[in-house]
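The first chain written gets the first letter, and so on, giving A, B, C, D, E and F; residue counts start at 1 in each chain.
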């Protein structure tokens, strides 16, 4: 039985190798990224039964996304298909040192924008335990925004836990627009993850991690809220109080997807009834993700556990 | 002084290396293609002063197209820029043997669709001798179709020779729609190139090369019409009669852009007042293009001339 | 419901790129190959529900084989796992022109050799319609040979159709040893595929395609026997008589797996009750496979159908 | 109108990828480098109209240098061509950590050594505002040394500002030989850049940044002298006094060309009448250059400005 | 005349490029590694005449190992060949930051396991000065363990100095098994190198570097014992007392083989009668090795000497 | 004991991958080529003990040539070294179909030009059986030309057989200059190989293969003369008469070095006293060489013998 279902867009990611520039690179590496699919992939690596719901164009690029998700163990049988649709793309130039990484989206009018409520397999979704999506999904378009709210309503009615990652994207919408949408969405969420930065930008929440977390709890009435402080660590708050866990320091091979790997860890612990375990898993997974090319946490639960036992770096032989 | 100006869309082309499939390739090679830019690049290799007019998004992908055209010697100072615009893309899987090559376009709503008549530098265009475009340009959208017709009217008024390559693309429009548009365009053209296949599909012209060519002459009132018969050769027809030239046989590294290299050769000869020379140049260039990766004829006039002298293949050392 | 199940070993294949030699190549391309998995992958591309049964080492190489089979649509939930086991490998140097391709196996004592009858999920297998394996499986070791015979007995008892590809491998066993084993196996098979060359080497069957096919029918009592004549074509024989279909000529990118793609086509037609359709599908798939890197037919049913309609080569745009 | 003109040699640079050694690397990456062309490329990225003067062999390597400079926006119409000439080359093995990078020159008798005064287009040069060259140019050969001095005399006569980067290369000449030559050249320069290390090695100038700068001012009578202190920062001295700016710290992808990117920033500010702005631009550009493969600063003025605003690293999305 | 002879297994090493995972990498880089061959290669780079003894399969992989060792200057004429034998392999995923590197061996039943005493060319070995092997060799199998002891007995009888690197590999044997074997081997060794960690794990020796070194001296009666403390440095102990040398800090491109490069430096100094020089050489070589891809120290004595003079990093030009 | 010694220049060869052009390729493949070293490498593959004599610059590029020759089994202990010398280079763009391959030499003033007679180890050379060089060596410079003649005189005095490949290079000298030089050299040769084309261009010899061969025999007084007719085959003539052997047809991966592989085969047979065997070996090796990247025949005697037995193409498994 599928425990977790996530919903959102995935894109083909095209990245110049070896720190080259889009202006001059002779080739592009192909990866796949999308916050909710990234979370699903990371959960599947931990052995969690997880499905991903989306709409893809019925062409080789769309079929590739489906196939690679399946390769990594994500159930994709409920993905919907749009003949002639557009595959979302993004061009990602990695940063290094003071050189900033940049993302150039080419996702307007992509297939997911035609997703509708009645296309979804509600029997299937209803049998899952937890539904996850992020603030990127309602940012895609007005129609997807409406859909997201409706979907969240239905899944809560069916008794699923809702996990939500705020994931504010300044290239997709403005803070005020985001806030308005999320004021409808957050009250439907049981588990909320938000960066300290987004909390300030979108909700005007500043202060200590605990203060921000409690602010978000008030907005959302979620059981658990986790505020992430970048390279420092995270603050988790529930009705039982708050705790802080420090992030793991590591070198960076590929920065993208670390937040999603973190969410997967949190969800993993949440499903096991141990939020602190989830936060620790999440931090270890986010750190490992930094050392893995692409948006996806490709690894094993054993690697995460070894890291939590303190076995970092070196060579095992 | 710039002799030739071409107008049309160029796209970033993304191709799996080593005959891999889009479904599974880990990387994509980056090239640039677009019929009219391809013609401009090929003309520049022959030493012709040539400009390309288009509209590009003001992002690294758009700037790359501009830069690479300039690298190959094409004047791009009249290219227009659209902040926030979309770069046209296409994914090209090379065929080999019986495996067909496939093209997946992602060019809807690309920057060129916002090009307008009054953005063009008519002083600059007016000083050129020959204007070239192809049937792909009016196929892009209704607005570009109108623009194309207006542009052709103006350039003929200014005394430029108009060269037109029919270039029917079944993924962009239907034969009837194409025919209707071209019935307005062809009468404005002095030099027309058309494949035997397109002549049949679009205009219902069948028969010998000469018959098809004369049929197109009647539709267009062009001074010269050239019908290409794929790997066989071409038939050129003027008021002085028709002649046939056989194609050169070669191995295939990359099939795209060969027709555009041919057009460049024809224009080169036409400008020199020697259509037969142009046809021969065109056939040699099309053959060489098959052996060069990407859509562009990258080479020298000397290579073309050596080929016409019969020096094919081997190693010079 | 799963229609087809195949059983056999799959190996990691390591190939020097660009026609380099194992002696000096700086890198190796990673593919996956194994006759029965190749058949399963090709069937999945046609939309057939297909599972593959095997035993893999529980390490990243074994998990990769499982994941990539799943990526291409093969059900792998019944694959068995051997902690600490060895992944079978083979090094494949592609030939070109008169340079022969070479295969260097490193598969001794690989995980599949510990596969036992009672590990298999007989409920699952019993619900399938057709079971496929090849002569490579009983060649792996004596224990796998015994297992193969027992498995075939059980699946026939459960009413599955048995498809068997002779696939003689001179690096694994001698003709006499092979013949002895296959004399037990062939009578259990309903559908037999054999190259003309193997028929001669292993069974001493020579003569016309039809004579060889009938000879194999007598040995096997199969409903249908197909003898393949390399680049010439194939002869299929049933109780209703024999027919010949010519092979499609193509260029070669990667020769391996073409026979398995052929088998998949045959099985596809066989399941549809149309052996001739299957043979035609098989020949088209074998030809396409030659143009696709790796051992696997990665493509679509539409491509096969287009080829059968006569649309070969060129570029679709 | 062209504002800046630089003169010097450019070479094809060949670099083993992935930190490999020249002894064993199977391939070499192709870049182009040459101090004065590097400066021109970096200025073009800032939107400055800039030309580069040199002499290249009329072969594919020479034409490549011309084409790539043009791609990045440098005017190359005044480059001179030597049929049968030699293209300068250098092999560059990147260092990492304590492993030193190494440069192996193959530039003896390259095309630029035949450059003569009367080949230059003095009308064109006379219309520019600033002329830049470096101490590498007079180091190439005696004839180029004489030429350099004559050129500098003429450009000062024509009222151009002269910018000069000392750029001592121990593999090309000895400190005493360099000093003798530069004692003729520096008095012709208005803007001088010199590393602290070269100031000591060549001119015996030691002490604080300001002391060294003032020492160089006395030798050169330049309006502005900038002494660079490697990873620490730079000291700029004019008649109005001296100031220090700290360097930006970053990770290193490719160390070469950072000094030239710095010079470009300084020239940019100098032309705008704001030396301090130039120094800051230069430091930001040098830091960014460290994160970009090849000798060239490929980027935008916007990126430099963002860095000066404090937006370093991270990912924009 | 050959001064040094080393004996042990070498394997083909297969590594995903660019920090990719074995699960998904499309290609693998080919290197060669094996502790004793690594030492031989590093000695050859210093100009020491050195031979390597082993047994290889007579196939392209085995011949490759022989050829690459010869390329780097190691005498391989005494390598023995096993027709049909298995080449040892290992898959190495590089770590980065907190992501641990992992080694997956595929070396069971490789060719060296059939090596026998009387196959060795004792005339040749008898003319050498120093014999080196490591604790990996006796760990391969019981037969190789016996062989190792016998070989060490014979070489000591013939008056060769014996150098031994403890090199405990937890994936090959248990500490107790290792200790038992080494209690026979160490008394035959004149020069012993051991990591602080292995000293604790295998021999239960803890404490200061000097204490551990003296503990090992008692076990081995070696003239010199060197204990390495990872990134900190090493302690060397002889009857004349002990000294400490700090390690050089550097960035890591490839961690493997650094210990072997260190041993080579130590042997180099030992042969010159200057252990401290050897330790310094070894530390510089280990540091340089970290910056060189693959298991081998590929470089020059001049580079080591420059490093010891304090010339680290930067670019020489 | 070394049987064969060859003398000549070797160069680093730099080739764009995948049929790219020098103008635009982002990388170059590194190979090593030089007619006489190519012959030595091919002989070493057949198991012949062979040395190569040359002079190399003492830098990483020179050391690489030495190391790679040694890797392939060529004795290089008599190679001489020139500190600060120049490594000869050539850029090779592969042709395909009608696109001609092109060679751009950068070998002027390379290290071999300083080779002098008394640097050679005449004791070593005197112990060999056969000396081989080609017409490229005397074409390098006047000093090397003189040296070549003197060397050939000395080796004939010492009783070595002299093998000479005419190998006319139009980019190095004129036919008349070549003829004058070869009129001195050919009388010193016992075995002469010449293309039909060179025989005409340089010596004005036309007609049947036998007529040309006899013409060359008169010029050279060689025991055996072999005239090669490109893809057709070769004519061999001795005092016992002439015979023709047809070439083997194959696909082309890399055309360079095929003539040198042929020479190696001829020398192999000549040394065995069976010229016809040598010619057949040579033709098989030339054909195989076409299918192997780089200038070198990398393979085994077994592969050549299999080809002569008629086992061409296919896959062995």
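We adopt the following convention: a residue touches a chain if its C-beta (ideal position, glycine included) is under 8 Å from a C-beta of that chain, and two chains touch if they have at least 3 such contacts.
Worth saying up front: this structure is predicted, and the values here are computed from it rather than measured.
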item: If a chain touches chain A and chain F alike, it appears here; value: B, C, D, E
item: Chain pair repeating A-E, as identified from A-C, B-D or B-F when over half of the contact pairs by residue number coincide; value: B-F
item: Distance between the centres, which are taken as Cα means, of chain C and chain B, whole angstrom; value: 45
item: Intercentroid distance (Cα basis), chain E paired with chain B, Å; value: 62
item: For chain B, residues that touch 2 or more chains besides their own; value: 17, 21, 23-24, 26, 67
item: Footprint of chain B on chain C - complex, ascending; value: 17, 248-253, 287-288, 290-293, 298-299, 303, 306-307, 311-317
item: Chain D-touching residues of chain B, taken from the complex the two chains share; value: 67-68, 70-73
item: Residues of chain B touching chain A in the complex; value: 14, 17, 21-30, 59-61, 63-64, 67, 86-87, 89, 91, 93, 104, 106, 108-109
item: Chain F residues within the chain B interface of the complex; value: 18-21, 23-24, 92, 95-103, 105, 169-171, 255-256
